[in-house]
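Let me begin by presenting the structure, written as structure tokens, before commenting on it.
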Amino acid sequence: MSNDAMPAQVANVQDAIVEPDSQTDSPREQIAPRASAPEAPVSDPAMPTASAARQGLSVTLEKLRAFYGSAEQVKGIDLEFRANEVTAIIGPSGCGKSTMVRCINRMHEEIPGAHAEGRVLLDDDDVYGDGVDVVAVRRAIGMVFQKPNPFPTMSVFDNVAAGLRLSASGRGGRGKADLHAKVEAALRDAGLWDEVADRLAEPGAGLSGGQQQRLCIARSLAVEPEVILMDEPCSALDPIATLKIEELIAELKQRVTIVIVTHNMQQAARVADRTAFMLSGELVEVGPTQDIFTNPHDPRTEEYVTGKFG
Amino acid sequence: MSAQAPTSPQFARFAVSPARRRKDRLARGLITAGTAIALVPLILVVYYLLKKGLGSWSWSFFSTDPTGNTFFKTSSIGGIKSAILGTVEIVALGSAIAIPIGIGVAIWLVEYGRQSWFAQLVRFFVDVLTGVPSIVFGLFIYIVLVVGTGSSYAGYKGSLALSLLMLPVVIRSAEVILLLIPGSLRESALALGAPRWKVIFRIVLPTALPGMVTGILLAIARAAGETAPLLFTAATTRNTDFNLGHFMNSLPVQIYNDVTSPTTSVVNRAWGAALTLVVMILLLNLIARLVSRRSRLT
Amino acid sequence: MPSGERSTLERSPLARLPDRTLKYGLTLLAGLILALIVYFFIRLVDEARPAFAHAGVFGFTFNNDWNVSGNKFGALPLVLGTLITAALALLIGVPVAVATALYANELCPLRLRGLLTVLVELLAAVPSVVYGLWGIFFLAPKLQGAEQWVADRLSFIPFIGGGTVTIPNYFVAGLILAIMILPIVSAIAREVMATVPADHKEAALGLGATRWEMIRTAVLPYCRAGIVGGAMLGLGRAIGETIAVTIVIGDAPQLGKHLFGQGYSLAAVIANEFGEATGLHRSALFAAGLVLFVLTLLVNGLARVLVSRASRTRGTSARPRAASETQPIAEAVVGA
């Protein structure tokens, strides 16, 4: 099955052309944006949301191992993150959750001396395959970090636009209006637009902690990834900001696949469809969140979720 | 403040003995005196510079070239025009060479070389270069570019000697600033799918810029005051000559040559030139300080 | 622009080009600079070799006879001159610098601290040649009377006493050097003192110590290695300083008979004689430059070892945190 390349002006929901679900595309073909035909767009159709035309992809880890030098931190993991679902990774400190997640968008290897083995399949493509370029991987798989880190020299607008400008391939003229539309769309998707619409030129670092983190989410959304990895995104935020972001996650999963690392089990219970429990670099158990917390199979899982250790 | 001896008897045993108090007072007096001593030369230098230098300042002082005349009356010794212009030109060229190269090496050290053996080697040799006495840079350029090519002194050769002097300074200070940039900044840019060169040029460098500018300005200020590297490279000349391929005058060399003159008016010209040079350097230092205050990294 | 359009996780080779170019270009640059520096030293040694061959390395360095017309080049008077002036600079400069740092950190009212720091750093902004000018026309004449008095009173001490005072002399050179190294030694001392943990100081004060006793027990011992390191860096600077010394030390090719008489130093001899030197003479001057450089290298290396060993035993990073934002840069500029 093949898809035609989309014309350039497809940013608006009204103009979105409904395409058949193309998750079984052969890897060699151009993958076009898809409209979520069965699901109604969450926001008012009159407002531009570029991402309503997209869906997430699944990510599958096969025998993933991660090393710092010769020390093995992640010891062979097979795990699937289903498309358009939120999967939470829980486990005690030092169990390798963050390391594993950073292997997915190949940030792990940015650390000197660190490397990974195994396969990470984005849909059907191995991100560690030969000839694969890490830069392209990271455009498809975005990341939100623990500590909000908007670029300090940039305004709110420029922060969100940064992803687009930094990863611009130079092909296809990107008009100013187009850029504005994308920035606004991303900010709306991140639930931040109403709060910053009149402050777009102010420094990004001037926002509150929760707003900064949503700004970072908007920044990641602007490049329209298929997957977003979140590494303890709320651990530096107050409860109200945390709540807002958890609500956001529930909305976003319609458009992207979300993997969230968290040491807060209640958070996992609140936002995740599926939960994976890791211990000492290994995957102990994975399953629907309800099951993991109320009826775990592995005794270690039960000990952890009941708080016997942590 | 050391404890004052309280009057009530029950605290008598807490009182500080007079001997201790004397020692304390003596020590503090010495420390204060030492600080005052440190400031004395500063005051004297500034005072003397102003006193002798301002007297020479005049419009014609800045707009006339020095004459080679060292034995006749004041009015025929000229001013320092060629020296000022020469310093500006030579230092500008030297900076134009040292700054891009220095920043480039610093970027390589921080972003690519990191802790590899090769990077450590480069760091070591750059460090070693900082200890070279400034006159030796001039000797090197002299040997390679004057004797070696059989050509004569030239302004640009002085610039090259100065750029050798500035290079380790620029590399060091740029590296310090680049290292101060938090890794999370680079990370978030990389995670957005930015190629490395864009991370460096669009994110890292703009953030590092104010700090680097400070370091650069200080390096330029130092180079502007150097005499020894210019003695055997740019040498000196009297007339204003914008051509960097010829002999070129400069403020430090002009002063150095005038110092040994027996004629008072020539020495006064040296004072005027010295004041000019110090003012230029202070301006650069002031701008550097202002820029660093606006830096977001510290 | 269609969203999500990408080929299978690959980028065109053209898009990868800037990254590759930057990486290899910068690596090449670093390599070239390394090669340049190495060539620099090789060339220097090359130029100096004839002089060393003529009298041997030790012969050159330790022969007490610098006689240009006689084609004899023993650099001992020069080496000693360099060392004497540098030692003087340390003797006078370090205590004053430490006092200044102590005052700024411990005794100075808070509002004045910034001003004091700026003033001391201002000393570093004055170029070498201006110090020479000021030294020869102001300082040396003003001190002549006092120097003569000291020379007469202490005539029983060899080298210091006896003899007549000349205007260029060792002492003035040492004094000027002391002024020139003041900013760097004071800056490092201040930086080290600022890292003394507040609880050490509070513990001393809490025991009822006077201010001086607190300084003596909590601050100075903690900072000792750092201060010594700073002093050594100042020493390195003093050794290499050329122009100011050239102007105020004179040009006596023999070892000066006394402190207040004319002398010479390695840097000064190069500045004075290089213009007309040829052949063996020129080679000897290069050799002098090399000796000068090696001295600086040893001193600076020792300084670094001391400073890093001191902070390592405390488990802090090798570079204490800057006391001011321009600190690391200023240090780099001044050649720390």
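In this document, chain identifiers A, B and C correspond to the written order of the chains, with residue numbering beginning at 1 in each.
Keep in mind that, in the parts below, contacts are C-beta pairs under 8 Å (C-beta built on N, C-alpha and C of every residue); 3 or more make two chains touch, one makes a residue touch a chain.
All values derive from a computational prediction rather than experimental measurement.
Ranked by number of C-beta pairs in contact, the top chain pair is B-C. Using the mean of the Cα atoms as each chain's centre, the chain most removed from chain B is A. Chain B and chain C have centres, each the mean of its CA atoms, that are 14 Å apart.
For the pair chain A and chain C, the distance between mean C-alpha positions equals 55 Å.
Chain centres here are Cα means. That of chain A falls 50 Å from that of chain B. Among all residues of chain B, those that touch two or more other chains are 195. Multi-chain contact residues, meaning those touching two or more other chains, occur in chain C at positions 15-16. Residues of chain A found to touch two or more other chains are 135-137, 139-140. Chain A contributes residues 105, 107, 110, 112, 135-140, 142-143, 145, 147, 149, 151-153, 162-163, 165-167, 216, 219-220, 223 to its touches with chain B in the complex. Taken together, the chain B residues at the contact with chain C in this complex read 1-3, 14, 16, 20-21, 23-24, 27-28, 30-35, 37-39, 41-42, 44-45, 48-49, 101, 104-105, 107-109, 112-113, 118-119, 121-122, 125-126, 128-136, 139-140, 143-144, 164, 167, 169, 172-173, 176-177, 195-197, 200, 211, 214-215, 218-219, 221-222, 224-228, 231-232, 252, 255-256, 259, 267, 270-271, 274, 277-278, 281-282, 285, 288-289, 292-293, 295, 298. If you check the complex, the residues on chain B that touch chain A are 114-115, 182, 184-185, 187-195, 198-199, 202-203, 206-207, 296. Of all the residues in chain C, the ones that touch chain B in their complex are 15-16, 18-19, 22-23, 26-27, 29-30, 33-34, 37-38, 40, 43-44, 47, 95-100, 102-104, 106-107, 116, 119-120, 122-123, 125-134, 136-139, 179, 182, 186, 208, 210-213, 215-216, 236, 239-243, 247, 267, 270-271, 274-275, 285-286, 289, 292-293, 296-297, 300, 322, 325-326, 328-330, 332-335.
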